[in-house]
Amino acid sequence: MPFKRTFRVHWVDTDVAGVMHFSNYLRYFEACEEEFYRSLPLPSHDFRVKYGITLPRVEAHCQYKAPCRFGDFFDVIMRVREMGEKTITLEFQAIRQQDGKLAAEGYIKCIAVNSEWKAVQLPADLAKTIRENGA
Amino acid sequence: MPFKRTFRVHWVDTDVAGVMHFSNYLRYFEACEEEFYRSLPLPSHDFRVKYGITLPRVEAHCQYKAPCRFGDFFDVIMRVREMGEKTITLEFQAIRQQDGKLAAEGYIKCIAVNSEWKAVQLPADLAKTIRENGA
Amino acid sequence: MPFKRTFRVHWVDTDVAGVMHFSNYLRYFEACEEEFYRSLPLPSHDFRVKYGITLPRVEAHCQYKAPCRFGDFFDVIMRVREMGEKTITLEFQAIRQQDGKLAAEGYIKCIAVNSEWKAVQLPADLAKTIRENGA
Amino acid sequence: MPFKRTFRVHWVDTDVAGVMHFSNYLRYFEACEEEFYRSLPLPSHDFRVKYGITLPRVEAHCQYKAPCRFGDFFDVIMRVREMGEKTITLEFQAIRQQDGKLAAEGYIKCIAVNSEWKAVQLPADLAKTIRENGA
């Protein structure tokens, strides 16, 4: 089952064209990703403390299909697309609630790095838990 | 000759990992794009007033290669990759000044729409000027 | 009864010092204000369409007492402090959920303007409804 | 002599009202502050490494007088208003270049803290240099 979180377009998210700025979809995708990690059945969700890793992004992609405007509710639906030894690729859809239209869709690929910003293997239990819960 | 603008990572651009947040590269790419349009030899650069169009994004992509940190200077180098009847695809590189390393690269594709948010042809003189100045 | 909304510090809200950037409190205060207006028993909440007004800010103030960090929940508590003929002053507190500490408090004063950006009187029913529901 | 930096309103800075979002003035004020510190005749400008301090904000205030719109140039003019044992209060004005009008003015007060986020005295040479160069 995909993971879902609902957001609403704030005034500050909009631009002079009257729509949500395109960069904000990636911010909301990431906000959904944060909640996904916190939803995992793990003893701790602070990956920096627990595993000594952070997950910087190596790639982001988004296609914009229909604008969201001030006050619009939209659902962000997330699935794990692919897991590598060191990487996680998550795919996202933003669906406008008022008409069910796809507003945007894309993916974010991140990589596990240690505190020296060196790529490292994903901890086994983390990788397993993401795999089991991410579709 | 590609178009270039230099930026500096502000405190607000960073995140708790100590690096510029990934979404901000797209914001700086767009800031460079804005300056590119203003650099064009056109009688007016207000496309909304002059042509009745805006240029919402239909696609954005970015690969992240090396982090930029607080205070880092980086050059954004922009080229026109492709022009369609209604679309413009711009490609960008962000280069860290301190070591010349590629920090990020990607593209943004936008489409001309009228005030009803309907796709329209790019005005001929605008398209011509972008083509002549965008590489 | 004060109006309350709960938010969570997103990764993008943080800065290299590991805390939520100070400007983001004002953004969350405004997000709470947006929800307050929407909670009012009015036939329409689109003030631009219904009344022909927007509410630009004329003043903002915030004192920062204790940092919020990535993932922290905080409550924004809002009260109407003062209503003028044309202005609304709202006061806000941000309370960290984990320890009940005051993270930040401040106020935002806004003014009703018409589409020409000229100050106008607050519509009577809007002013009345805000007064009745804002404390 | 006050310290000055010029900025331009980017598309992403605007909101659906067609003007720069009020929170962004504080971000540009801070951007000016960053450049001020870097302009000081000090052997290093990395206060975290050199002095073990950061300068979180304890207060921010801004009055908004006239809107800035997409593409507008504005000057941020900064002066040191007051120096305490542990605090620095900086005042700012944002002036629209096209007509010399005051767009916004305010102040930011910050406090020196060590890595445990405990308030500490400003290093003597830093305080002296700010005092000598900040008006």
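All chains are identified by letter, namely A, B, C and D, in their written order; residue positions are counted from 1 within each chain.
Operating definition for what follows: a residue touches a chain if its C-beta (ideal position, glycine included) is under 8 Å from a C-beta of that chain, and two chains touch if they have at least 3 such contacts.
Small disclaimer: the values here were computed from a predicted structure and weren't measured.
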Result of counting contacting C-beta pairs for A-B and A-C, higher pair: A-B
Reference subunit C; chain at largest CA-centroid distance: B
Between subunit C and subunit B, distance of the C-alpha-averaged centres to the nearest whole Å: 33
Centre-to-centre distance between subunit C and subunit A (centres being mean Cα positions), rounded to whole Å: 27
Inter-centroid spacing, subunit B versus subunit A (mean Cα positions, whole Å): 23
Where subunit D touches two or more other chains, by residue: 11-12, 23, 27, 30
Residues of subunit B defined as touching subunit A within the complex: 17, 19, 22-24, 26-27, 30, 54, 56-64, 67, 117
Residue ranges of subunit C touching subunit A (in the complex, touch as defined): 10-12, 27, 30-31, 34, 38, 45-46, 71
Sites on subunit A touched by subunit D in the complex: 11-12, 14-16, 18, 21, 23, 69-70
